[in-house]
């Protein structure tokens, strides 16, 4: 049901197809209205398990590509990792399968008004949302450089596409199976300096985001980080996706990754305190957990 | 299709239909705006409002279970000041029927919350969260529960029902209901989540930041039906609101048949943010296809001998 | 793969592995013969045996719920005479470890059941069903529960553990455990089904012949984990058997980590009659892939600070 | 896992296909070992809902056809009615889908040793198991007559096949849309007399079984009735499928439809008392239901 012309819609999506992409799966859905509203960094929340599913929580995925029109109507594409039962179920779907789609959800990457120089940093399949971002940046005349990291070659996503999307592409793998051996943090400071990067955009595991934010800070660039975290509802009602973020007033608040994020300014997120409620947080400390459900 | 009168009475206040959101599962209603019209629901129950702002428990705050979730958020929220300044006015402006859930840590806190909520315009009802804090066992112990209800009822104007929300895991939900009604509650909400726990596959330690949490969702629906049934059986004149695992119009009907005058939808909102509106429509269809014309006629109907109509 | 020692101690009796069937979910074991080897399980808990034969409740006796079932069979069975004449000897002949569940309607009945079971050869343990009858609330009330355990323990030979099976829906499962252990129980089984109810779509009346029933299956697993956790936390020396919603090897491991020395599989046997054997294999794999070599090392491990190994 | 050469097996079945048959669906499964053990009247119990299913109880179906060999290996066929979420899910399966199969379960129809005259009575899709039965009876030289009843034409199953399977075929529908208007009980007494039937076999709703058993009794024939009832486990462990049946000793017991049945002698079942525990039943009365779960 759609009530606003902007903001998310809830529609029945139809699977166009699922393709393997290295260790990942690439799912294309027909979902009316989502692509039109898409901005890079936003995500979709998909139901899993089918009609008789015992899995109530949606799985959320940043949008990889969005095409408002096409032979089948508007489509959105996402990249799935396996290992979670819901994502595994999605990866086995055949064309024509239907699921409930919410999206686009969340705050997108903030785009620069000027044609500045940008470095995009992605980890594993979480690099997916960076390609749509690169396109929009290039449309605005920005110079785009890209760093893609992964544990090993099969867990790298979009390395080929990156060559089209970016001027410079650096690939790192922890096992050295392709590109440079090591993590993205080893190459970032040098790249930012070399390219005179103004804005760093990052999407990936927390460690990568933290490293990207620190490298940006050290270099004097802005950073925008898309935080990966469990999002039980994706719509802001459950309060389970919170992380400590420092506001303009200098006060730390537990904010929702799904609605206040998933994209945050990298210098605002208290990376070292993820998974905790740091003391001094607005409204903290609650009475210590007592072993009883508290609400 | 038979035309259906969905209106119901919540302890004397008429609601256009019996489907509300459940406390803590719809924030303060605003987040649902893209997916449904809050004014078209029977009511919107806010997350439990505390006196002071609260940051809540550390994450993880929710794990998925079979047909349910286990959660412990630690009542994160802006406190009564923030709530009255922004959240309540939004609901009122949208013409939603606002049911304000309050959670205090002491009788004095409950009294102050009651006073401040009771003095605010546009409040349809007050729901007293007695399932928290667990250690004070207020929702389990008839004496503690009735003391809280007593102070709240004193400070909320007549005409605004005070509903006591109870824990399901007690010797006798009937005894607690009897006690809170005697203390002035205009109705009870049955029931809160069931205490549960999960262990993380990786750390082999408790999966929730708060160690234990509350189990909710379709998994526990049968438990809610039983609580409503028991209370309506023993105390047929008490207004009961049923909550627990409502996913479809039939689940809502089941609670009405067991004796509830209204129902709340919680966990299913995470699955489907438009579900409360869908459930209103499905409930209408369930009644219509059985030639049942009024919600009022089905409340408690499962207690009547088969075939008996009213 | 790391080799794993699956053996465990059930209040002093060594079992080859910690996976048993749950009372009432495997009849007396024989029906599972086409699907698994009963001797390869940790133990087979019989349905609760009563003194006299019982016809049970009228049907319907079971309804499906989300990830669970709601059931009330009314303890249909041949009575202790029939059980000892045919059912127990079959288990013994098959070299299964027979855990006999008993259910009496009075202290005298419990005593007689204990005496007759205790005098029969081949009994590995006795499980006292205190979740029934509900109206006597024996499984909920520490005093009633301890009286029953007391008479049973008196008449069962030393060396045969007496396990008290408790209801999960109580103020404090710890208090009841403390009471039954003081009365002589060698361990507790946590927990019985959760009282629930469903209403039939066609008749709009209670769906079960027995009106209310017990909710079981994966839906309530988190509740069982929490009960085990609480008791092991408060009483780390008490032998606990975990039961509720075990479907996979990881579910079994979760109960062990929370503090159980053994686990039981109930409702999942209806879904998959070979599941207890599958769960033994899966549990072994769960341990092996984490380089955990002994079941004994994981019992209660979730209570230890992260990273601490023993 | 198979442990005995007779008795049921538990195997992963693979769907060969689902076809519509009037109001019903006809499901064919490859299921090794089931067909070899099949005898008419036995049933299979199928899991429903897929990998993430919230539905734990199997759905049970009498076997319609069993072919121990074939292009794909042994197959079994069942007929599904819609209306139950699990059966509906089964009816939507595509070829290649996998499910866990238990079978053949239950006691089959008892077959006569002599080449006697048999009348087979089926209601709706519950007539499915009668066709395999007819085949076995004809192999033994029995004369086979058939009566098929249903509410309306689309709810009739196997009317065409019946012409091959039986000498006489009578079709009744309650609305008269095909065959005679009315229920099978109206035509049975006359048919039994006319054909000098020795054994009546029936499969269908309780009312039909009761009528068939009574007509047989009045005529002096034996009857064998396949009782349709909810079977949560199908294997005898849950005690939820019980009905009152009179034993050889004249004592009524609550017996399990899945293991002592589903086929019972029609004169043994206390048709009027289905859904109750008649007083005088072995072990009855239990204490009156108190509103608490009792076990």
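Every chain is named by a letter (A, B, C and D) in the order it is written, and numbering of its residues begins at 1.
We take it that a contact is a pair of C-beta atoms (placed from the backbone, for glycine too) under 8 Å apart; a residue touches a chain by one contact, two chains touch by 3 or more.
The structure presented is a predicted model; accordingly, all values stated were derived computationally and were not measured.
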Interface with more contacting C-beta pairs, comparing A-B to A-C: A-B
Centroid-based (C-alpha) most distant chain relative to chain C: A
Mean-CA-position distance for chain D and chain A (Å): 54
Centre distance in Å when chain A and chain B are each reduced to the mean of their C-alpha atoms: 34
Centre distance in Å when chain B and chain D are each reduced to the mean of their C-alpha atoms: 45
Per-residue overlap in chain B, given as positions that touch at least 2 other chains: 66-68, 195-196, 212-213, 217-218
Sites on chain A at which at least two other chains make contact: 54-55, 291
Contact graph of the chains (line, ring, star, complete, other): complete
Touch list for chain D against partner chain B, complex: 54, 291
Residue ranges of chain C touching chain D (in the complex, touch as defined): 23-27, 31-37, 47-48, 52-62, 64, 66-69, 71-79, 103, 105, 129, 131-135, 193, 195-196, 209-214, 217-218, 267-274, 277
Chain A to chain D touching residues, read off their complex: 48-55, 85-86, 89
Of all residues in chain C, those that touch chain A in their complex: 66-67, 218, 230, 233
Of chain B, residues touching chain C in the complex: 65-68, 70, 137, 140, 168-171, 194-199, 201, 203-206, 212-213, 215, 217-223, 225-226, 229, 245, 247, 250, 254, 257-258, 290, 298, 301-302, 306
